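Letters A, B and C mark the chains as written, and numbering starts fresh at 1 in each.
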Amino acid sequence: MPQTLKRRAPGRFRPSGRVIARLTTTPLIVGLGVFAIYPFIYLLGLAFTESNLIEPFQKWVGTENFQDALGDPRFVGSLGRSVLLAFLSTATAMVLGVAVALLLDKAVKARDLIRTLILLPLLTPPVTAAIMWQLLLMPQGGWLNGFLMDLSLISEPVSFLGTPTTAFLSVLLVDVWQWSPFVALMSFAALQTLPSEVYEAAKLEVRSSWTVFRWITLPMLFPALIGIAVLKLVIGFKLFDLVFVLTAGGPGQATTISSFYIYRIGIQQFDIGLAAAMTLLFAIVVGLATVPFTVAHDKAEDRLS
Amino acid sequence: MTKISDKDLEGLERQQDGFSRRTFIRGTLSAALAAPLLANPKFVRMARAMDFSGKKLKFMVIQPHAGSIEPLSAAFAELTGAEVEAVQIPFDQVRAQATLDVVSGTNDFDVFEYFYTDLGALARDGVLADITDRIEADRASVDPDDFLGSLYDSYTLIDGRRYGLPYDGDTHVLFYNEEIFDRNNVQAPTTWDEYREVSAIITENEKADNIFGSLIMAQQVPVIIGSSFANRLGGFGGNFVDADGNPTLTSDAAIAAAQAMLDAAPHATPTPLETGFGNSIPLFLGGQAGMIEFWTDMGTWAEDPEQSKVVGKWNVVPMPVGGANTVNRPAMNAGLSFGASAGSANPDMAWEFVKMASSKEFHAQVLVNNKTGVDPTRKSAIPIYKEFAPKQGDVVERAIQDAFPWPKNPESPKMMQALTDELGLMMAGSKTAEQAMGDAQAAWEDIAG
Amino acid sequence: MNRRLYVPLMTLVLLFFTFPIIFMAMVSLKGQADISTGDIFPNVLYWRNYPDAFGSIALDRYLLNSAIVASFGALLTLVIAVPATHAIVRYRIGRNWLPAFILGTYVAPPIVALFPLFFLLRNLGLVNTHLGMILVYGVMNLPVAFWLLSSFVRRLPVELEEAARVDGVGYFRTLRSIVIPLLMPGIASTGIICLILAYNEFLFASFLARSQDTQTVPIGLSLFQGDRQLRFGQMAVASLAAMVPVYVLAVFFQRWLVRGLTTGIGK
């Protein structure tokens, strides 16, 4: 392909690649600046003042909102649940998603069809996904309970969404169902970028799929996988619609994760000063949880290149 | 005069077609549909021949009232010549959407539909216009004395000023499945003890067939679990707050109400905490539950053969009582009014709309329209309603007369959320009724603090 | 892998991911009384959900709005993110802080940020417009696009670009003729993700879209959910109708995903 490209007349002024490169990042930086920095400053202002939507920034209250947030056991509890849910769902979705991607890579028949079919959960609007799973999980007239009882695995219907532990696991299940396809799609795309010669040669010599995967595929895929995991982790922290519809945070506080709790404080109760402080605290937690992975990601990328 | 398109006609025909299938709708209905509002001279006079042609009115309704959009829009357009646009909002978002519209200065809307429990907040935040003087000036056509019992004040009055006019007088009644009751040889309960016993008998006998004695809606959403609690609170003669506005959640009645909910749970469709509007309605309509506390719309749905297996097999009684209390005091669960936006560019037009929506004549029309789900707000509407819905008529009349309200001070949304959380913990088995009510009381005192 | 193992495994995977969708398709054919029977298949076919779903909400209008804001939003994301990601990775612009900043803007939940953004868009006259939502979605997903694309850019063989530079090929021409074709699998998969994120976004849509002219499918669906009597059948119809266009687009994008692979990196 390169030889078909025309040469430029020598001597004409051409800004160095670096300058143009810098210029092409401008829209991204400006866009995010407006979208993120301005709200961030506003958020800071809200968090340190007595504020509601009608009269923001009434008076400086220092760290009072932060103290209130940290003194609220429900908020602190929600942070823990957010961390737990985000990590569990990322881990599960990664294992499942990568396995599916590997399976897809092996597929011969109907590969394209299967690959798009697997995307369906990701396409499902979250509100609908929650409602459909609610129907599947209902103790009375829900399909899953009937199925498990037919198999004699249970003798009484299980109240999946009405029992704290199973409600949390149900949210996890639906989140994994919805987001594993994302992992599968991205890891499949990453698989396609692996140099196929090495791969084929290894396959011929070793012949055990697991050995090839463990010693060839995985190390080469590793940086990309951490990248996908980081994004899934952050998206997991932002989970909202699902909890809103599936459990409304219940039973008790069992599925009240921070994004949902902040919504309640900010949008339903309009205490946006407190909600702002909670948002900042939550962002710090998400940041702390993510940083080790981004560092690992950078290192892995450097090692590879 | 607006031109009627084929599509409109089709819609109207389909509507009438649907109605004709319903056996319990009689005379008034066809009259109400056939006779346009304009034929009513009194109604035309009421509108004072206001001419708003060339102007546009935009109003917000909650999604459950989507069926009201068409009649409201058509009537207002015909009366005033204004162009009317409506936006539907999920019921849990009205306050946030209305407030943001006014506070941000966007002022897209002229009229908001609101839950009376949000009234304190909406008035304090300057979202709704104070229409006290307009009501006084137009007293003859508004006819406030015609509103039922305490409903007018509960829905519109805060700190001596009025911010809207009632549209839908909501209250719960107890629906039951006669077929299931006959099969089990039980009678409709009059006390919450009987309710639990009846429910236990049915569940015991028919659980194997997936039929349960009752549905208790206890999903952790204020309007859902809060309504179930309020029904029992009224039954035991309790109140949310006393005359001075102090919380009374640790009263004997309140604790007994919470306890009654907890005690009935094992006999209800599993499990109350998972039961919200969405999944409970199909269960009752599918004949899989003996009793449900619900708004009167349930009666309309239950008679629709397309979605109901219990056509003609249901009946309705007032909410049971409990403890020493013998007089049933129903709770005002939900309840909607229209108010003029404080940001409306055309307050006269907004007021005319609010007035029309709550007027006797228009109310009589939407009351007998199956698609609106509107319950009576006016005394004059009671006879019409009884004819329209003979089964519910008497019960609803009594229920709406002397219903007791939820808190509606500016902190009400926060308070109801706190109560919801505590009731949820109780239903999940983490707290006893006494603990939950004690903690809710403390939370309320803290919020009022 | 053992082929005997492959077929049952793949079947299991497919079942897990598609069963709730099949269930939804069945719900779309059920009347209300059929919802809680515990059966997968409807006892009585209730076709009326289909016309009724379009009658009870302005579904066609919502679909059109969603298509407009999501596709242009995703396009905007890609137009900004592809050259920027390439530049940041290749020229190490912003060293380590810029990538960290980009991801950092994405970690906070957007609930409170909603208010300042709403005020900003109002002042620009962009509330309740397609343009406003396209801008929000276009920018909102930039961190996702950057993060996903950067790992693909890193995997591009740098030699080709260097050869082009030595040959005097211009910056943008190199981008267009060499980088983008090689990045196609990454761009396609990233595009699908951004499109889906924009298409299903609810929170911003519910406040920025304030009339039927701009309201999107998730708002329409929330109206079903925000009703007391949840019309399960109609909601399923509306959801299926919402999924079809994105599914078709995804199929279309995936052809690129494969083509990118064959014009390929390994060759």
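Just so we're on the same page, contacts are C-beta pairs under 8 Å (C-beta built on N, C-alpha and C of every residue); 3 or more make two chains touch, one makes a residue touch a chain.
It should be emphasised that the depicted structure is a prediction, and the values quoted were computed from it without experimental measurement.
Chain centres here are C-alpha means, and the one lying farthest from subunit A is B. Contact count check for A-B and A-C (C-beta pairs in contact): higher for A-C.
Distance between chain centres (mean CA atoms), subunit A to subunit B: 39 Å. Averaged C-alpha coordinates give centres for subunit A and subunit C that are 14 Å from one another. Annotation for subunit C: residues 35-38, 115, 222, 225, 230, 232 touch two or more other chains.
Across the assembly, subunit A contributes 53, 131, 135, 138, 140-141, 267 as residues in contact with two or more other chains. Under the contact definition stated at the top, the residues of subunit B that touch 2 or more other chains are 92, 100, 210, 278-279, 282-283, 286, 288. Those residues of subunit B that touch subunit A in the shared complex are 92, 95-96, 99-100, 103, 121, 125-126, 210, 212, 219-221, 269-274, 278-279, 282-283, 286, 288, 413-414, 417, 421, 424-425, 427-428, 430.
On the side of subunit B, the complex with subunit C involves touching residues 58, 62-64, 66, 85, 87-93, 97, 100-101, 104-106, 108, 210, 277-279, 281-283, 285-288, 295, 297, 301, 306-309.
Residue ranges of subunit C in contact with subunit B, taken from their complex: 31-38, 46, 48, 56-57, 115, 118-119, 122, 127-128, 206-207, 210-212, 222-223, 225-230, 232. Interface residues of subunit A facing subunit C in the complex, by the touch rule stated above, are 1-2, 5-8, 10, 14, 17-18, 20-22, 24-25, 27-29, 31-32, 34-40, 42-43, 46, 53, 99-100, 103, 106-107, 112, 114-129, 131-133, 135-136, 138, 140-143, 145-146, 177, 180-182, 185-186, 188-190, 192-197, 209, 223-224, 227-228, 230-231, 234, 237-238, 240-241, 245, 258-259, 262-263, 266-267, 272, 275-276, 279-280, 282-283, 286-287, 290, 294, 298, 301, 304-305. On the side of subunit C, the complex with subunit A involves touching residues 1, 6, 9-10, 13-14, 16-18, 20-21, 23-24, 27, 35-40, 80-81, 83-84, 86-88, 90-91, 93-94, 96, 98-113, 115-117, 120, 136, 138-140, 142-144, 146-148, 150-152, 154-155, 160, 163-165, 167-173, 177-178, 181, 185-186, 188-189, 192-193, 196, 200, 202-203, 217-218, 221-222, 225, 230, 232, 235-236, 239, 242-243, 246-247, 250-251, 254-255, 257-258, 260-261, 264-266.
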